[in-house]
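The next part holds the structures, each set out as C-alpha cells.
In what follows, chain A forms one complex with chain B and a second complex with chain C.
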Partner chain A sequence: MKREPFFWVSISCGIVIMAFILLPLIQLLTSPSVGMLRESIGDRDVVRSIWLSIYTAGLAALISFVFGTPLAYLLARYDFRGKRLVEGIIDLPIAIPHPVVGIAILSVAGKNHFFGQILAELGVRIMGSVTGIVTVLTFVGIPFYLNAAKAGFEAVSPRLERVSRSLGASMFGTFVRITFPLAWRSMLIGIIMCSARAISEFGAVVIVAYHPMIAPVLIYERFEAYGLKYSQPVAVWLVSISLILFLLLRILTLHKVEEQ
Partner chain B sequence: MIAIRGLTIDLRDFHLRDINLEIAENEFFILMGPTGAGKTVLLEAIVGLIPIKNGAISIDGRDITALPPEKRGISIVYQDYALFPHLTVLDNITYGLHFHKIDKRKAQGRLAKLLEVLNLSHLQHRLPTNLSGGEKQRVSVARALMVEPKVLLLDEPLSALDPGFREEVRGSLKKLHQTSSITFLMVTHDFSEALSLAGRAAVMNNGRIEQVGEIEDIFKRPNSAFVADFVGMKNLFHAEFKGTKALVSDLEIELGVTPPNSHGYIAIRPEDIVISRRRFSSSMRNAFPAVVTAVIDQGFYYEVRAQSGEVGFASLITKSSLIELKLRETSDVFVSFKATAVHFF
Partner chain C sequence: MRAAILFRWTWCAMVAIILILTQGQAFAEVSGKIVIFNAGSLTIPLAQMEKEFEANYPQVDVLREAAGSQKCARKISDLKKPCDIMASADYKVIDKLLIPNYADWNIRFATNQLVLCYTDKSKYAGEVNAKNWYEILARKGVIWGHSEPNLDPCGYRALMVLQLAEKYYKIPGLYARLVANRPKENIRPKSVELVSLLQTGNMDYAWEYLSVAVQHGLKYILLPDQINLGNYRFDEFYSQAVVKVTGKKPGTFMDMKGGSVTYGITMIKDAPNREAAIAFLKYMLDPQGGLKILKNQGQPPFVPCRVPTGAMKSSLPEPLKDLVEVKD
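Then we have the complex of A and B:
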C-alpha cells in the first residue's frame, strides 16, 4: 500500500518535536563529567538549595492537599451559583506570568497593605524567607492539585455515597470509607503535579526570595556568575528529581487507565 | 408506617407537588409512572438525600423530615446496583455494620440467612466487577437488608437485568418480603412485576400522585385519563391456570402455552379484542358470546364494553365499524381475541 504524503509529513513533524524536546535534555544530562557531578553534590550550597527546593515544593503540595481537598470535593459534588467563576479563579495562577505572581504576593505582604501589617504583627516575613517561597509555590501549584482531585471525585458516582449514607455512615465517614479509597490515586496524581510544578518555579520565587536559595535560583546565579559549565551539574541534579516525579506520575496514570 | 404529608420539592430538573402517601407496615408498595415523573426523587426524599421545600415524612409516627439519611433506618437499592467497587462482596454486605451497634452473633446469623436466601455464599470474596447483573443486584439487596432497615426502597431494581435473572431476583425479593417485617417500596414500570409483587400501588405523573390503591383497582378502574392511558390494560382478570387454559369465572380462555404458575392474572389490550355480530371463523382461538353494556366516544375510537357471563371486556373500534355493526347497548355480539393477545403473569 502506498502511503499518502500527509502520513510522511506527520511522521517527520513527530521526529522533529521529539528531537526538539530530547536533544537539549540529553545534552544537558551528559555534559558534566561524573567527577563534576560528584563535586557539585559535595558542595554544601548545592545540597542545601536542592533540599530547600524539595521541601518547599513538598510543603506547597501538602498545603494544597489539606486546604484544596474539601474545595475540590465541593466543586465535584455541588452545583451553585458562581461555580464557573470559582473554577476560573482557580485556574488563574496558571495564566499569570510568573514574575507577576511574585510581585502580586509581595504587594499584599508589604508594609503598605493591611494584610502585610497583620503578618508583620504576627512576626511572619514573606520577603526573603522560606515562608515566602512556600507561599509562592503554593500559589502556582494549587490549581494542579485542585483540578486533579476534582476530576477524581467526579469519577466516583454520587450514588455510592448516597447508599453509604443510607447504611448509616455520616458524610465524613462516607468520605473516608468510600470516596477517598476510590479517588486517592487522582489525589496523589494531583499532589505530584502540584509538587512538580512547584519544584520547577523560578520567576515568582526569584522576586520574593532570592535568598534562601532554591535550586533554580542557584542554577541561575551560577550561570550568571560562572557560565554554562558551572550551572550544568546542579541542573542535572534538579532535572533528575523532576524526572523521578514525572516517572511516578506516569506509572500512576497508567495504572488508572488499566483499572478502568 | 410511612406517612408522607404535603411533600413539595423544587429541584432544577425535577419537582414534586403536594405528595400525600400512606404505606402500612410490611406492605409491598409499588410506585409506577413514566420517566421523569419524579419516582426516584420521591425515593431519595424519603431517604433524606434531597432537600425538602415543604411537607413532612414520618415513620412509625416519628417525624424524620429533619433527620440526616444515616439516622433514618431506610435502605435503598438502585437500578445500577451502586456496589462499592473497592470492597469484596462480603465487605459490601457488611458495610452498614460499621455504623450500627448490632450483637456480633446476631449479625452473623443475619448474614448467613441473607447469603443463603440470595444464594451468595460462593461469591463472598469476589469483587463486584466480576459479578453478573443478577448477582450484583442480589448483593445490593443483601447489603441493604443487613442493617435491618424499617423500610427498603427499591428503584427499578430489576429493569437492568436479563429476563432470566429478573425472574430469579424477583423471587428472592418476594421471599424476603414474606419472611421479614420490613416495608418494601419499589419503583417499577413493569406491570407484571407490579402485579406479582405488590398489594397496593401509586401512579405518579409530572411530580404528582395520580392514583393510589389496590394494584388491581388501578389497572381495572383508573380514575384519570392519564392512568388509563398509562396502564392501558383494561381487560385484567384474576385467573386459574389449567394446562394451556386460563379459567376466568365461567370462561375458558386459551393461552396457547402453559403458564408456570397455577394462578395469577391475564390481561388483554382493548385494541386486540374484536367485536363481531357473528362468530368469527378465523384463527381467533377465543370467541365468547356477549352483550354490549356501553358504547363510549373516545374521539378517534369508540370503546365498547361487552359482558360475557360475569366477565366484562373492553374493546376499541373505529366509528365506521360501530356504524357497520349497528352497535348499541344490549346488542348481542361475539368477543374474539387470539391466544397470543393474552398476557399472563
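Then we have the complex of A and C:
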C-alpha cells in the first residue's frame, strides 16, 4: 500500500512532539553527576521530602477515590437539572491558576472565616501542615479522578446493572459485583492521573505550606538558596521515582488487559 | 476623477503617518524593555516609579520581577536570565553574589527598619505594645512568623532583632524562648507573603519592613532604634547579632552579622537594554524622582545615594555620577 502524505505528516508531528517532551527531561536527567546524585539521596531532607510528596499525593488520590467514586457513578448514570453545572464545577480546579488555589484555601482556613474558626476550635491547622498539603493536592487532583471514573462507568452498559437488580441484588451489591469489575481499570487510571497531578503540584502548596517541604518545594528552595547545581539532583530523584511508580501501575493494568 | 482625489488623499495620509512615526522616534531617546529583578519589599514603590517613568518614556516598557533578594541574584548568576537592573533589600547580596562577575558597582539608595505587624484580629491585638511585644510572642497559641533566613534578608534580620532585644532589654534566654515558640511551619520564602497570612487570619504577628507595613495598611509596633536595624548610628550595637544561614552548598553555613538595613541597586554588566536602564536609574536615584516615591512609601532614601569608594564612583555610568556621593 502506498503511504499517503498525511501519514508522513503524522509521523513527523509525532517526532517533533516526542522531542519536545523528552529533550528537556533528558537534559535534566543527565546533567547532575553520579556523585551529586548519591550525595543528595543521602541527604535526610531530600528523602523526607520525596517521601512526603509520595504519600500526600497517595492520600489525595485515596480521598478522591473514596469520596469521588459515588459522585462519578451518579454523574454517569443519572440525568438531572444542573448536571452540566456540577460537571463544570468539577473541572474548575484544573482551570484556576495554582497560586490562586492556595490563596483561596488559606482564606477559608484563616480565623477571619467562620470555617477557619471551626477548624481552629477543632485544633485542625491548614497552614504549614500535612493536612494543608493533602487538602491542596486533593483540590487539584480530584477532577482527574472524577472524569476518568465517570468515563469508566459510562462505558458499562446500564442493562447489565438492571439485570442484576432484577435478580434481587441491592444497588450496592450490583455496584460491587457488576460495575466495579468492569470499570476498575478506568478508576485505576483516574487514581494514577490524580496522584500524578498531585505529585507535580507546586504553586498552590508553597502558599499553604512551605514547611513541611514536599519535593517540589524543596527543589525550589534548593534552587534559590544554592543554585541549579543542588536543585537538579533532587529533581532527578523525584522524576525518576515517580516515573517508576507510574510505569509500574501502568504495567500492572496493561498486564491484566492482556489476560482477559 | 474620483479615483484621482481618493489617490491624492491616501497619499497625503501616508506621508502624514510616516512623518508622525519618524518624529515620535526622534523624540524618545530610549525604548524597549527594561527588566528589573527586585526585592519583594520594593514592589509597590517600583510599581509607582514604573508608571511615572513610562509616562515620560512611552517607548519603554519596565518589566519587574519580585523575589527574595537572594533569589534575584541567583536568577542572574545561576540561571543567566537576562536582566538590566537588580535591586536588593540588602546591598551585601549584590557584593556577595554579583560583584565582580555580573556587576561592577553597587549604589546604596534607601534604608528601612523592622517592625512587628499584626491586624485587629490578631491574638492579644488589644494589649500588644512596644513594651510587651516579646512577652506576647512567647505566649502559647500565638502564631507568629518571619521569612526564610536562608533566602530573604528580612528573615535573618527578624532573627537579629530578637537577638538584639535580648541584649537591649537585658533578658537572658529571650531569643531561645521566642524562637522555640515559632515552629518552622511559620517560615515563608519571602516576607511579603506573610502579609496575606496576617490578612487571612492564618497568622497573628509577622516581622516586616516598615515600608511593607505602611504600604499594606497593617498595624505595626515600632521598636527602639537600638534593635530595629533602621539607624546606622547603632551599627556597632547591631553587629552583636549573628545569624547562621546556609552557605554555598547544602550542609554548609555562614554567619550573617547584624547591620542597618540598607538597600542596594546595580546594573548588570551585560544588560540587554543599557541605555534605557541608565535612564531609569537616573530617574530612580533622583531626589525629585524615584527617591521621593520611596520616601512617601515609608522607605527613607539616602539623599544623595551612596557608594563606598571613589573608585566605584568613577566606574558608574556618566549620567549617574552626579547623583551619588562617596560615603562608607
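Worth pointing out:
Going forward, the second predicted complex is superposed on the first by the 228 of 260 C-alpha atoms of A that agree within 3 Å, B and C clash if a C-alpha of one lies under 4 Å from a C-alpha of the other, contacts with A are read in each partner's own complex, and residues count from 1 in each chain.
One rule holds for everything that comes next: a contact is a pair of C-beta atoms (placed from the backbone, for glycine too) under 8 Å apart; a residue touches a chain by one contact, two chains touch by 3 or more.
Not measured: the values here are computed from a predicted model.
With both structures placed on the common chain, the touch criterion links A:P93 to neither chain B nor chain C. After overlaying the two complexes on the shared chain, residue contacts for A:G168 are found with chain B alone; chain C is out of touch. By the document's definition of touching, of the two partners only chain B reaches A:R177; chain C does not.
In the superposed model, A:R159 makes contact with chain B only, not with chain C. By the touch criterion stated above, A:I207 is placed in contact with chain C alone, chain B being left untouched.
In the superposed model, A:P233 lies in contact with neither chain B nor chain C. After superposition on the shared chain, chain A has more residues touched by C, the comparison being chain B against chain C.
Contacts of A:P216 after superposition on the shared chain: neither chain B nor chain C is touched. Against chain C, the residues of chain A that register as touching in their complex are 43, 45, 103, 106-107, 109-113, 116, 126-129, 206-207, 209-212, 220-230. The part of chain C that touches chain A in the complex is made up of residues 67-68, 70-71, 74, 77-79, 121, 148, 150-151, 183-189, 193, 196-197, 199-203, 246, 248-251.
Put simply, chain B touches chain A in their complex at residues 12, 44, 47-49, 68-70, 72, 74-76, 78, 80, 82, 84-86, 95-96, 98-100, 143-144, 147.
Of all residues in chain A, those touching chain B in their complex are 79, 157, 159-160, 162-171, 173, 177-178, 181-182.
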